[in-house]
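Look for chain A in each of the two complexes below; its partner is chain B in the first and chain C in the second.
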Partner chain A sequence: MTAAEQPSTRKPPPKHHGTRRLGMWVLGWQRFRRNKTGLLGLVLVGIVFLVALFCPLLAPYDPNDQSAMLEFRSKAPPSWKNPLGTDRMGYDVASRVIYGAPTALVVGLGSMAVAAVIGIILGGFSGYIGGMADEFLMRFTEFFLVVPIFIVILVMVRIFGIVVVGTPLEEIPYLNLSTIILILGVFGWPPIARMARAEFLRLKEMEFVEAARCIGVGRAGIIFRHILPNALPSLIVIIALGIGGSILMEAMISFLGFGDPKAISWGQLLSFNYEFLKIAPWASIAPGMAIFLTVLGFNLLADGLTDAFNPRLKE
Partner chain B sequence: MTAIAPHNDQLLAVKKLRVHFFTGAGVVQAVDGVDFAVSPRETLGLVGESGSGKTISSLALLRLIPRPGKIIGGEIIFKHEDLIAKREEEMIKIRGKNIAMIFQNPAYSLNPIYSIGDQLGEILTWHEKLSRQAANERVAELLQLVGITDPFSRLRQFPHELSGGMKQRVCIARALLCSPPLVLADEPTTNLDVTIQAQILDLLQELKERFHMSMILVTHDMGVVARMADRITVMYAGRICETATARTIFENPRHPYTQALLATMPRVDHSYSDGKTRRLPVIPGRIPNLIEPPSGCRFHPRCPASDDECARILPELLSLEEGHWVSCIKAG
Partner chain C sequence: MGIVRFIIRRLIFMVVLVIGVSILIFFMINAIGNPIEILLAERPGISPEVIESVKQYYRLDRSLTEQYLSWLGNVLHLNFGNSIVYNQPVGSMLVTWGWETVKIQVLAILISLALAIFIGVTAATRQYSKIDFGVMSTALLGRSLPGFFLGILLILTFSYWLGIFPSYGAYSTRSPLMGSALLDSLWHMVLPVMMLTYFNTATLTLLIRSNMVDVLRMDFIMAARASGLSAGRVVYRHALKNAFIPALTYLAILFGLMLGTAPVTETVFTWPGLGFLYITAIQQLDYPVIMGENLIITLMLVIANLLTDIAYVFIDPRIRLE
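The block that comes next holds the complex of A and B.
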């Protein structure tokens, strides 16, 4: 072979910028960077994350500080003292909205973490095994899709709230919020399971999976080293979409008064203040905008990720 | 059935192998009683048209028949052990280490998210329990052997950064990492352009000599087997038609299907005009539906020499002379 006999003194091939580790991810990022709406989503999500991380530094008041009430300044319009005004209970709206960010993120990420674990395990199993197990699991998934989740969640939250009264469980902080997160996760997995199944079905037939089997890679290696990493881009897209959905869902639950009274959430702020919409609109508009921008951010991010990882869809 | 390879010290002997696919439409008899054998350092060409069962036969050696297919009978004797009787955990140790495979489509047989070094090193850390450093060195050494320049920097490259011919070289290197005694090459050059094809074939030949390997070359390309194979087995519709040395197959084919296959090969030294039209000879008809294969000899509906006997009698593989086996009742 002439190529092999060439002296190794030839110049190394030109360095590619950035395509060194995990090629697929780096390529995806390069495509994502060119997508303006996706970047906007990333910026919005980034802002929410930063606000959530640094809320004690950013908030002008303690979120439970009602001192404005004592000065007869409840429902006060935005001013230098209260940048977004105060609400009907004398809380500083800006501080409450800022302290709502960690709650929203915990709900979104927590519920989707639960949903992702259930969805990827069930969907992946379904797609990889196939046959009767697949049939059964997909019918099970469809059952979860047709259940009117919202009503089920309201009922379960209320029943759970009554059941725990007087038990040691009551002592757990944010128990109600944890319940909502768990229920959102338990009812939020079907889209993830369907996507995971589709990806596993597609990837298990790929030649590189066949090739990996031929060199003696066992079942666990096939699933976790060869199939799952290739399925992740699609799964991340649907999970990002689900985070926005969960945040919206939690806002709806809190708005209806079924949320955790101890956790400050945007839906709860709306619920407290919507009756005073005419007198103190700022107290409703601020949390409403926060919900809108956060959910928009996650949806745009998901959209950008779709374009980045499945460039063929656009063409 | 006695040995059908010229030597007794066979590396691999497949006897009466039957693979059926249990589909909703019926049982597809994809491989139905196939015998072949490979001696050490020998290249066996497995030839046939699409759907003749050649790929399924080679996958059966690794016990990787895709569902709903199943090996329902026969023996695969590899190094004096029957692979069909082995447990799955034992097969995992055989795949890659003792029998390796080179695939048809190099573009899709490398995992897109791992660098060359990572995915080739995987085999070594798994089968030979090498450290990462040692695995990397061995991978680089093999990349050098398959004609890839600057192997250490290639280790960090990803499949999409390589050309098609380069990817096939990487796939060949992967197959050879554990120096397996037997390599299955399933149409290794079909998806490459002609100049690269020749290079890859030369490379396979050279590596086969160097590593003292045996090879089963699965292809539909008579030109490729003519160049590479020591012996040739011709398959049709899940059965063996003829097995002989490459020279015998080309000079003295006895099965009508082999003869027809050779006649369809375009040749530059041959004029195809028969007065008015100029066209290549073709085999009339098409490969039969293997759910309900033809009675008797499976080739008889398309065979120019067939008669009523052929529709009734399923021909056995019979020896015409030393090392030349034919399954045709007319050939005796």
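The block that comes next holds the complex of A and C.
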């Protein structure tokens, strides 16, 4: 490429600039569309969602089908019959990895839903009210940020598993997985609270908020109608990062042997097949790649969203 | 606020935090009932008198608050109690198992620091070049790669496929490599250290690169260049010094989190360190070990945080003490 060609590769600014009122989301999307890595992230996340939605159609076998065992084809390498091979108990690896997608999304979205509710309420309240409440909440957040969460979560998951034995709670399906989701959410809110606080602190001094106050909008109206929508882009970025982080955490917890043995999750598959890594490596590589691509997707998406909605931060 | 008052305030916060976490863990593990009753449930046929005397011996007949306070009092005398599973004093176990963890973690941090400075500076001085792009994308990919998966890939490649490094343990069970204990130990350390180094380096390099890019644009760098200093001197002496401060925080976090991240590494490589000990302690409900390890892990994190806060004040006098 010669130097003369270079300026032409840069796209001209949107033509409607100034003549049509473009919302924050439309402008953000226009910037996001030009970001290749961000789009790659969106595609990866989109694939995971599609796989999760259509897993019964995509999976070649039932995830609990062990029929390969009967034909002495457990630990079989990838073939036309089993595209990703079979594992040590004769399960079809491809089918199990596909059925792991909904589990991963439930973990990521579920835990972040819990974390977002706690984080936005605490952080928003703290930033908007200020004073003693702010000081107290920030100290509380700092406590949660310094605590070695992963270590505490392992103890909690193990102990909860013992406590429920013999109680009616035991009947709930996927109880162990639900516990992990809940705990990840309860421990995952501090970054969201910090971001919410910073955004509320910044936005509450803005002119449009003062204007709203002048025309007599109530406190709840200002917080939910005026400040929160403007804080959303930053919050979505931190939540997208958190979804990837939670999926990774669940995978680690399951890999260490504290997961839900009844749920089909990628970490659980890695833990289940680790002993036979030497004989059937495909059964470990496939779920590992699934975790990697999903977490990468959410991280790239978060990076792309930051660039699109907070161009101030970009150099 | 003076520096002394600042440090005292941080110290008080630190003590509150460490005690808070230990109370949380203590009451959580006791919520499932008396440890002896759970241990005895799996071994029926022991007479009630024996159970009673065991309870008295471990002071389990007292209230939970009393039990916690007596644990805390013993810890202040550096007595962590005895492991239920190994029947050894937890204090000396923490030291012997801890050494195995510290040696791979510290080595990995030192290697990644050297690598990150070299790669980060090289990338920053050639911003937007192919090298820069390659470094950035490798590091960004590295942050999304799950640690245990990288470990699995390393084992598959270097131990099963190429067959040059051992896949588990810290020492050979039969004869050491070439008859030398030191070589044997280093040989076993290669794969775990590689796994840890990759992650530390990925984030450290990104930090150093982005700070270097900022610093290299500043006026004092231009002045240094204009005064005729060599390029290497400007970059490594003048720019790096200023770009390194944010990386320092991350280094402290790495040291503080050392034991917190150990369970995953040590499970992948069956490494006999504190992380491995912690996982088995939770599985076998070895209460004294769980309590002792939690204390050490929290302490290390908190001390690392405190040291960075103090170091910041000394390195950059512009930072106000709240």
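Criterion: the second predicted complex is superposed on the first by the 292 of 315 C-alpha atoms of A that agree within 3 Å, B and C clash if a C-alpha of one lies under 4 Å from a C-alpha of the other, contacts with A are read in each partner's own complex, and residues count from 1 in each chain.
Everything that follows uses one rule, which is that a contact is a pair of C-beta atoms (placed from the backbone, for glycine too) under 8 Å apart; a residue touches a chain by one contact, two chains touch by 3 or more.
Worth saying up front: this structure is predicted, and the values here are computed from it rather than measured.
In the superposition on chain A, contact is made by A:Glu207 with chain B only, not with chain C. Contacts of A:Ile129 after superposition: neither chain B nor chain C is touched. In the superposition on chain A, A:Gly244 makes contact with chain C only, not with chain B.
Shared-chain residue A:Val147: touches chain C; no touch with chain B.
Using the contact criterion defined above for the overlaid structures, shared-chain residue A:Phe255 touches chain C, although it does not reach chain B. Contacts of A:Leu50 after superposition: neither chain B nor chain C is touched. When the two structures are aligned on the shared chain, A:Gly216 is found in touch with chain B, with no touch to chain C. Of the two partner chains placed by superposition, only chain C is touched by A:Leu296; chain B is not.
With both structures placed on the common chain, the touch criterion links A:Arg158 to chain C but leaves chain B unconnected.
Across the complex, chain C is touched by residues 139, 142-143, 146-148, 150-152, 154-156, 158-159, 162-163, 244, 248, 251-252, 255-258, 270, 274, 277-278, 281, 284-285, 288-289, 291-292, 295-296, 299-300, 303, 315 of chain A. Interface of chain A with chain B (complex): residues 1-4, 6, 8, 10, 12-13, 16, 19-25, 27, 130, 206-208, 210-218, 221, 225-226, 229-230.
Residues 13, 17, 20-21, 24-25, 28-29, 31-32, 38, 140-141, 143-149, 152-153, 155-156, 160, 213, 257, 260-261, 263-264, 267, 278-279, 282-283, 290, 293-294, 297-298, 301-302, 305 of chain C are the ones that touch chain A when the two sit in their complex. The touching residues of chain B, when paired with chain A in their complex, are 62, 64, 67, 92-97, 100-101, 103-105, 108-113, 115, 122-123, 126-127, 144-150, 153, 156, 158, 160-161, 171, 174-175, 177, 202-203, 206.
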